[in-house]
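Take a look at these structures.
You will see two complexes here that share chain A, one where it goes with chain B and one where it goes with chain C.
Moving on to the complex of A and B:
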């Protein structure tokens, strides 16, 4: 097992397989998103009796779950192979098993959504009831991802065994933290699907405890956001410094922020349920406090990024307060796309603090503000970072190089995305403040004056959605070129080095018993009592509904 | 000697005034957004 500069060809194939599925999901899910914005403008009706809620579910599941999970696991496989050495045949074998389970699960889920048997929206809240095949498909996706997670853990354990007393490579450590986070949080969704939703959908039980299912969903749903975000942070912390020609500001700070995400991103699901009856306000308050704790590692990341850029700029002779900004490689899409993603994380984070505050949540709860919010976090910050990573990762894995023309197209793609998202997400935020609901097809609500106020914003969303769809076409052109048509050659997998002035990383940061112990303790503190309360004082439960 | 050299380099490169200004601007933006929606909440009470 050698640490090499290049990902082994066999590992590259595994990573690429994941990335292909991710971009196919982007094409289909993006089309569904475009149709949604057109329907909501009030100027377009779906043909052939296709339901708005079918395309809403398609969009959410394909982009929120499939695109992200596949890209993340593919990227992490490549990053771990690059920094901790080529996989053993066994690790690679289990990686493929994970891939095929996830792919079969995705196909099953997509099938039941598309035939109109599972329009239960992205969050598949009970009492909306889908066909059992939908839940089974999702289970396969999650189980497949667990297998891939264990493959990464096994490889990491072997590296640690072969390098006693050494700190693991930063990217490998980060991938391990992210998969631990995923494993711990996805237990919640697995529990609600296997214990509640599937037996209820199969008709084995009549009624379901809705509050318990929603709580288990959000136990999973919020850390899911960090499962998306941490790979973007991997790129920012460990790869962007190399791309700009600088150094990682601090290895310890990067690891500490990941550890804090592991601790604080899970016991916070109640901030999605602040308006929900049946949960004691005290426990909502506890989880809101923990939610604000999770802002800390994001602020640490913002500081580390600014510092990396400034140190680099000053080393190139930049002067003045912001002179260092001019030294950054604006013409390099590998930097530009993730940098724009970082910028969008500022309004995204600000919106997140609003969502998580109890009183302010009353202003925006279940409005399209929230949709606007996660189109900044996931669909801009994370996705633009993933696009930026794809611009070197795909050619590295496919043995090709990105041409100047493709780089220019990638810069244009980023600008198109910014324009589209500013229109779409911006108008979603404003319409949300005026009370426009999320998860709803077009309606004038009996020509109520308040609903009529939303229409101009909904038209702006359709304009933004159309521009974004052009952005999707552009990125698909670039990705197809990089995978199959770009000139053959060697592309670097950039991995940053730590600045000489940074402190040494303490080995305690890899004490997994301690890290997982604190994670579990925080979850138990935040969830045990309210969860017992939900079960002991449960209402009779609900029958299933198919409202579409 | 080596550590003195590194220290000297640290002082030279660690002019992070721009970073300080940036994080302050970021902080003000977060507070501004939060307070704006809070006033909207109060207005609708």
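Moving on to the complex of A and C:
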């Protein structure tokens, strides 16, 4: 690939618009997170009667749904434009439509949360009933993301037509897999919002089937986390090798791991519902088995990354078992931040297997252990990789360069994040093992001696949360500098090349009928019978409640 | 597709471990009965107060050293809010909700259930250690969620 390839100015504007919204969400959602840890320390109460749960809903929606979706779609637009060529005017037009729908939807959702009409958390479990505007706003976000997905598909289809018999660029292929995954899984949340929640909150129907709604939500909720993770893997597989000066270990294995994610990340929602009535334990186990299968592509990824690092180090003359570690560019924030993210994925992944195991899940379910877990996966692995990507992506798009001082600040930012997260997530894991619940304001549960044991950990969470907030301020300084103030110049959009020793990629990997067919078959196997059971044996539905 | 020898070793080891884990979980669940709470009984959430056994919530002796503890969750309390259980008793806890989704966690044990409107959830546990246990709601249910709690006292038999 040609190294001077630049993302077209017009496509860059589209990508940047998404990234700006993402970082605004980070600023506001991060502030909410800081306030939560302070409240839970027991030393601080929110002013002006603001509810802890309003802040918690804000935090979850802005960071879990807005920051991620906007950054991912912006990054993927840039990556597809860079590797499969400049968008047509039509594709770009639909990209903007998607952007505005998502932005209007976000504003609407945020408005109803902040006026206290939707303190239902980002999982919005019925029969807690939010204002219809909340559900409508979320619908616009999802529909906007679909339009952007179809814009990417259209661009990919054009590339395939213009390059018959050729394997598509790796980054474009990965973006397409991620958007297919997103489309297939978000059908579930769209179904519960449009068919169940919205009509019910508008008063068109009185009652709602709670278990069906939750099942549709978790059909979406687990692949959602892979929708966050796959762009980080795109950076690791296809971009990090170029940043360190090495090669992609294997193009076909990278694609295979993405295909396995597409297959196994959807039919696994029951592992979020293991403690739930109304679902036969046999079907829970079936989905637990499938959940474990989703660890396989992550094992492949770990191997590929370290193979790339070692091959590069040895090519630079490293000797001994671990000598290659010293050859890696530790002073380059574009490498350092994502690398730290990878390291954190080791305990994060192990914790994930704990959560997916029946009997262990019983110990940690809905405790703050789970919160600690996804602050390692999403809020460290994924987010540090996104930060690392922003350090070249934003200057590339804004026509600027990152100065040495900003790079140094970005290294410091990463270290601040590690320290803050070790305190916060570490103490969340420990407190969770002692039974401290997640999603709860400060409470001693009537001076229960067991609850009093959690307080030191909750203070540690507040210390960690404060350090992390400093980390957020640092990254916002860097991002603002890169977008508006850094010196003008050319920054490379790094795209890795495949090692000469790697084999050619089989074209069958882009047989979408086959890939989507297997995906749908696995979903039907995992869900059909328990879903029919749920509907046939449904109890009387539930009225809506507004208990906040 | 060619896979590097070292990657093969790595994947065989990794996937092998996953299957070992799954076997342990499966044997524990299906052979030893350590299934997660998955009760299939349904109930009308608006008629909980009239439906036995939840019309008279509390501890009921069902056999020699065997008990049923029937509890009702509602925003933001459990009924009953205090329970005494004789040490060593085997207790089947049945719990349901009158309104929204609640959690039912007994801190320091593996009793941890989702309580959802329309369903009864159930778990059996032998209380071998005397002392006080905190029950708390671990699924967000509204403004008073963090105040929702009850106590179990496990006492030595008279």
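Everything that follows uses one rule, which is that the second predicted complex is superposed on the first by the 544 of 548 C-alpha atoms of A that agree within 3 Å, B and C clash if a C-alpha of one lies under 4 Å from a C-alpha of the other, contacts with A are read in each partner's own complex, and residues count from 1 in each chain.
Heads up, the rule we're going with is that a residue touches a chain if its C-beta (ideal position, glycine included) is under 8 Å from a C-beta of that chain, and two chains touch if they have at least 3 such contacts.
Only a predicted model underlies this, so the values are computations on that prediction, with no experimental measurement involved.
**Q** For A:367, select first, second, both or neither according to whether it touches chain B, chain C, the two together, or no partner.
**A** Touch status of A:367: second partner only.
**Q** Touching A:357, do we find chain B (first), chain C (second), both, or neither?
**A** In the superposition, A:357 contacts both chain B and chain C.
**Q** A:307 contacts which: chain B (first), chain C (second), both, neither?
**A** Touch partners of A:307: chain B and chain C.
**Q** Between chain B (first) and chain C (second), which does A:31 come into contact with in this model arrangement: first, second, both, or neither?
**A** In the superposed model, A:31 contacts neither chain B nor chain C.
**Q** Pick one for A:322: touches chain B only (first), chain C only (second), both, or neither.
**A** In the superposed model, A:322 contacts chain B only, not chain C.
**Q** Touch test for A:346: chain B only (first), chain C only (second), both, or neither?
**A** So A:346 only meets chain B here.
**Q** Examine A:50 and indicate which partner it touches, taking first as chain B and second as chain C; both and neither are also allowed.
**A** Touch status of A:50: no partner.
**Q** Quick one: chain B or chain C, who's touching more of chain A?
**A** C
**Q** In the superposed arrangement, which partner chain does A:448 touch: chain B (first), chain C (second), both, or neither?
**A** Touch status of A:448: second partner only.
**Q** Quick check on the superposed pair: does A:187 touch chain B, chain C, both, or neither? Answer first, second, both or neither.
**A** In the superposition, A:187 touches no partner, neither chain B nor chain C.
**Q** Shared contact residues on chain A, chain B side and chain C side combined as an intersection?
**A** Touching chain B in the first complex and chain C in the second, residues 299, 303, 307, 353, 357, 359, 362-363 of chain A appear in both lists.
**Q** With touch defined as at the start, can you tell me which chain C residues reach chain A in the complex?
**A** 1-4, 6-7, 10-11, 14-15, 18, 21-22, 25-26, 28-30, 34-46, 75-76, 99-101, 103, 105, 107-108, 110, 112-122, 132-134, 136-147, 149, 151
**Q** What does chain A use to touch chain C in their complex?
**A** Contact set of chain A toward chain C: 51-53, 119, 121, 125, 127-128, 210-211, 214, 250, 252-253, 256, 273-281, 284-285, 288-289, 292-293, 295-296, 299-300, 303, 307, 353, 357-359, 361-363, 365-367, 434-435, 437-443, 445-446, 448-451, 503, 506, 537-543, 545, 547-548.
**Q** Which stretch or stretches of chain A touch chain B in the complex?
**A** That would be residues 299, 302-303, 306-307, 310-311, 313-315, 321-325, 346-347, 349-351, 353-354, 357, 359-360, 362-364, 433, 500-501 of chain A.
**Q** Note which residues of chain B are touching chain A in the complex, please.
**A** Its residues touching chain A are 6, 9-10, 13-19, 21-23, 26, 29-30, 33-34, 37-38, 40-41, 44.
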